[in-house]
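Attaching a single structure in C-alpha cells format; questions to follow.
Labels run A, B and C following the written order; every chain starts at residue 1.
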Amino acid sequence: MSKDRNQEPLFRVENLSQYFNVGRKQVLKAVDQMSFNVYKGETLGLVGESGCGKSTTGRCLVKLNQPTSGQVYYRDKDIFKQTREEEKNFRKNVQMIFQNPHSSLNPRMTVKDIVGSGMKRHGVCTEQDVDAKVEALLKRVGLNRDHISRFPHEFSGGQKQRIGIARALSVNPEFIVCDEPISALDVSIQAQVLNMLKELQDELGLTYLFIAHDLSVVKYISDRVIVMYLGTIVEYSDAEELYRNPLHPYTQVLLSSIPVADPKAVKEKQRIMVKGEIPSPINPPDCCRFAERCPYTTDICRKEIPTLREVSSCHFVACHRIS
Amino acid sequence: MEDAKNNILELSHVEFSFRTYGGTVKSVRDVSFNVREGEVLGIVGESGCGKSVTAQCILRLNPEPPGFFEGGSIKYRGEEITTKKDKEMRKIRGIEIGFIFQDPMTSLNPTMKVGRQIEEVFVGRENISRKEVKQKTLEILQLVGINEPERRYNQYPHELSGGMKQRVMIAIALVGRPSIIIADEPTTSLDVTIEAQILDLLKELQQKTHTSIIMITHDLGVIAKMCDRVIVMYGGKIMEKGTAEEIFYETAHPYTAGLIKSIATLDTDKNQALVPIEGTPPDLFSPPHGCPFAARCDFAMQVCYDDLPEEYRLSDEHVTTCWLQHEYAPKVAIMMRETEEAAYE
Amino acid sequence: MSETTKTISRDQFKILGKSVEKMESIARPSLTFWKEAWRRIRLNRVAYFSLILLVAYVLLAIIAPLVSPYKFDQQDASAMREGFSAAHWLGTDNLGRDLWVRVWMGARVSLAIGFIAAIINTVIGTILGGFCGFYGGKLDMLVMRIIDVIYGIPSLIVCILVMVVLGPGIQSLIVAMVVVGWTGTCRFTRGEVYRIKEQDFVAAARVMGEPTFKIIMREIIPNIMGLLITNLTMAIPGAIFQEAFLSYIGLGIAPPNASWGVLAKEGAKMLQVAPHMLFVPAFFICTTVLALNQLGNGMRDAFDPRLRGTE
C-alpha cells in the first residue's frame, strides 16, 4: 500500500480555522490553523481527546460546517465555492459515517429507504434495481435480507452502525470521513466493523479520514496519523513511525495511558504522568497549548506558539524541545 | 476450593427478569459468584450480557416492577438481600456497599452542591453530627485527589470537568467507608488520559482502604490493569471465571478467546486481520435453548445448540461453562488466530 | 447444575461452527410507529376510556338531535324547568325546551368550534414554529418577540376587542380565538424542530445532497407528527373552554342557537329554581375537557420513543 506522495492530494486543507463566539469576548477555537493533505487510497488517522477539534475538522471536510477561515480543496477546487454541478458530484463522492448509531438513522424510515434514497438521488441505479442493490449492500455488511423493511430502533448499536456504513457506501463514494465509527460499539463488534472498513477499502479503492480517540485502533487502520490537541496539530507522521518514535510529549502521554489487555505487561509498563485536566478551548493562550500540563515545559513554551517542523522524513512535530 | 470464610458477598443461582409488553426478558440467567474481602473482581462482557443488571441487583437498584427475581439468592455477610424491603436496603446502600455510576454527567444532581451530594450518604443516620459529616466529606475530597476541597465543596457539578465529576462519584461511593464498591463502567465515558488517572486513583484507594471492588467493564485493558479475579458474562450467563492470569493466558472459553483476539493493540500487525466475533448478541426476549454463544462460536457443536453446557472446574479459581471440556469433545486450540470458518446454516 | 438424567451421545460433539442465520436474528415482532403508539394508548386505561368517551360524544352530537322526538327550539309551556324524567331525560329549560336535544345541538357547535380553532392554531403554529426552528435568524427573533407581546396582553381583552370589531357570530369567534391561540404550538414545534435538526441523521441527509425542502419533508416532519397530533389534542379543550366562557359572558353564540356556553349562561340565571339547567352543560364541558387532556397526555407518552419497551 505505498502511497505516492508526489501525486496531487485528493484533499488539501490550508489553515483551516473554526471559531465560535460563545459570549462577550469569548472565542471558542475549536480548530486553529490546521493544514494537511489526504492522498488517494490512504487512511489518514486523526486522533485526540475530547475538545481537540477532530470532529469539527471532519465535518468541515464534508461541508457540514462553514469554516471561519482557511480553505479546503477537493481535487484542487475550493469546496466552499462550488457550482451546482460540482456540488452534486462532491456529494456523491464524499460521504460520512457518524459516531452515534442511535441518532444517525431516521427513526421513521425503513432500512430500505435509509440505504436506498441516496442511490436514487445520485442515479447510481434505476428504481427497479434499488431493492436488489440494497439487499446486496446489507449482505455485504453482514445483515440479513429480512432486515430491509425493519426500523432502526429494532437493531442493536452494532447493526445500526453497519446500516450507516451501507448508506455511506450506497453511492459509490471515493472518500469517506469516519467520525469515531466504532467508539459506541462493543469490543467484538468494533473488530467486525474495522475489518469491514479495511476490506472495503481494498475492494473499492476508498480513501478514509479516520477520526478516533482510541490510539490502538487508529494505529491498526491508518497509514498516516495526525495527533491533535486543542484544535492544533501537535505531531503527524506515518503510523508505524509515530508509534515507534513518538516525539511530542502529548503523543507520548497518550500512548502510555492506553490500558493494555495483558496483566504481565501492565505491571512492567512505565506510565508517563500528565498533570491536570484538559483545558477549555475558549480563548486559548498564545503559546504552546500543552504547556501547562507538559512534564517538560520550559520558558519558551509559555511564550511562543511552536511551529510544525519536519524532523525526519515525513515526520512533523510542533514542539520547542524538538528543533 | 473457594475460601468460604473470606466471602463477604455471595450470589447463588441468581435469576432476574423484566416483564415487558412482548413477554419476559431474562436479563440474568443463573449467575453465581463470590466476592472476597480486599479483592478486585472484574465482570467483563458486552452490551446486553447482563453485567450491569447483575450489579444493580446486589443493591436492588433495578426498578421492581417491571423487574423481579425469578430465583436465587444474594447474601451480604450472610444476610439475604433479595427479600429485603427498600427501608432495609437503605441501610446497606452507601454505607456497606457503594456504587459508582457510569456517566458522571447525568449521575450528579445539577442543582445540588457537590459537598451536599456527598453528604447525602449520611442522611438519616444517627450517631453522627453535622460537623463530623462535613469533616468526612472534606477528607474524602482530598483523598480522591481534588485539590482545594473547601472550594470544590461549595461548587455545582457543571463547574467541574469530566474527570473531576468522576472523582466526586468515587468520593460519594467511598465516604461511607463501605466494604464493597461496585464500579459500573466508571471510565467508559472519559478520555484516555483521564481514564488512566482515575484507574490509578481507584487502585491506590483500594490498596489503602482494603475495600473490595466489583469492576464492571467491557474493556479488557481495564480488567488487566485492575482485577485479581475475572468473570466473563454473555447472554445473561457466566461463560468463564478465574484469576486474571488464567483468563488471559489460559483462556478456556471460546467467547473469552474471541474477545481477546478481536482487540487491536499497539502490537497488532497491520496486515493481520482482527478476528472479530461475527454476529450480534442474542435478544434475551427469547433466549436460545442451548449455550447462548453457540450461534457465534467457531467451535459450536450440535450439543451446544441443544443443551446448556455444564460447569467444568479447571483449577481452584478457574471454571468454564463450555461443552468443549466434555470428554467426548475434540481438542481444539481456541486462541489460534487462523481458524477455519465453519459456517453452519 | 445439569440434567444428569439426559444422555448425551458422541455424535452431538462434531464441530459445526457458527450459524449465519441465527447470529443476526431479531426476535421481536416489527411494529410501525402508528401501531406501536396505538398499542400503548390501548394499554393506558384512562386515555383509552377518554377516547371512547369522546367518540361517544361526537356520535351523540350527530345522531341524538336527529332521532329525538323534540326539536331544539321547540318550546313547551306546560313542561317548563322540569327535572330529569322519562319524557325529558335531562329535563327542560325555562322555555320548556328539551335539554337532552339542546345539549347535543350545543355539542355540535362547541365541539366544532373547538376542533376548528384548534386545527387552525396548530397549523399556523406548526408552520411558523417549523420555520423558526429550522432557519433561526431574524425570522425566529421576530416571531418570538411577537409571541412575547401576545403573552403580555390578557387574551380575553384581545378576544373582546376582536369580537367588538367583527361583530358576533361563529366566524368572528374563531378568528378571536386564533389570534392568540397559535403561540403555544409555535413554541413547542420550534423547540422540537431545532432538536431534530441537530441530529446526525439530518446531517447524513445533507451529506447525501438532499435539498432543504426534501429534508423538511422526509426527515423533520415525520418525526414531529406525534408531537403535532398531541398538540392538536391538547389545544381542543382550551378552545372549547374559551368558547364556553365567551358565550357565557355574552360575546359568543347568540340564542336561540345553543352551545354549551350558552346553555350554561341560561342555566346560571335559573340556578335557584332549576339547578340542573346549569349542571348539565357544565358536566359535559368538564368531562370533555378532562377526557381530551387525558387523551393528550396518553398520546404524548405513546409517541415518546424513550418509553419504548419499558412497560
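The rule is short, and it goes like this: contacts are C-beta pairs under 8 Å (C-beta built on N, C-alpha and C of every residue); 3 or more make two chains touch, one makes a residue touch a chain.
All values reported here derive from a predicted model rather than from experimental measurement.
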Farthest chain relative to subunit A (centres taken as mean CA coordinates) = C
Tell me, please, which two chains come out on top when C-beta pairs in contact are counted per chain pair.
-> A-B
Report, in whole Å, the distance between the mean C-alpha point of subunit B and the mean C-alpha point of subunit C.
-> 47
Subunit A and subunit B have mean C-alpha positions lying a whole-number Å distance apart equal to 31
Give me the residues of subunit A that touch two or more other chains.
-> 142, 159
Mind pulling the residue numbers of subunit C that touch at least two other chains?
-> 21, 24-26, 28
For subunit B, write out the residues touching at least two other chains, lowest number first.
-> 278, 280
Which residues, counting only subunit A, touch subunit B once they are in their complex?
-> 49-50, 142, 156-159, 186-192, 194-195, 198, 213-217, 219-221, 239-240, 243, 253-266, 271, 274, 277-278
Listed in rising order, the residues of subunit A that touch subunit C in the complex are 59, 62-64, 87-88, 91-92, 94-96, 98-100, 103-109, 117-118, 121-122, 142-144, 147, 149-151, 153-155, 159, 164, 167, 171
Subunit B contacts subunit A in the complex at 46-48, 161-164, 191-196, 199-200, 218-225, 244-245, 248, 258-260, 262-266, 268, 270, 273-278, 280-281
Can you list the subunit B residues touching subunit C in their complex?
-> 20-22, 66, 278-280, 283, 285-286, 288, 294-303, 305-308, 310-311, 323, 326, 328-330, 332, 340-345
Per the touch rule, the subunit C residues reaching subunit A in their complex are 21, 24-26, 28, 30, 32-33, 199-201, 203-210, 218-219, 222-223, 305, 308
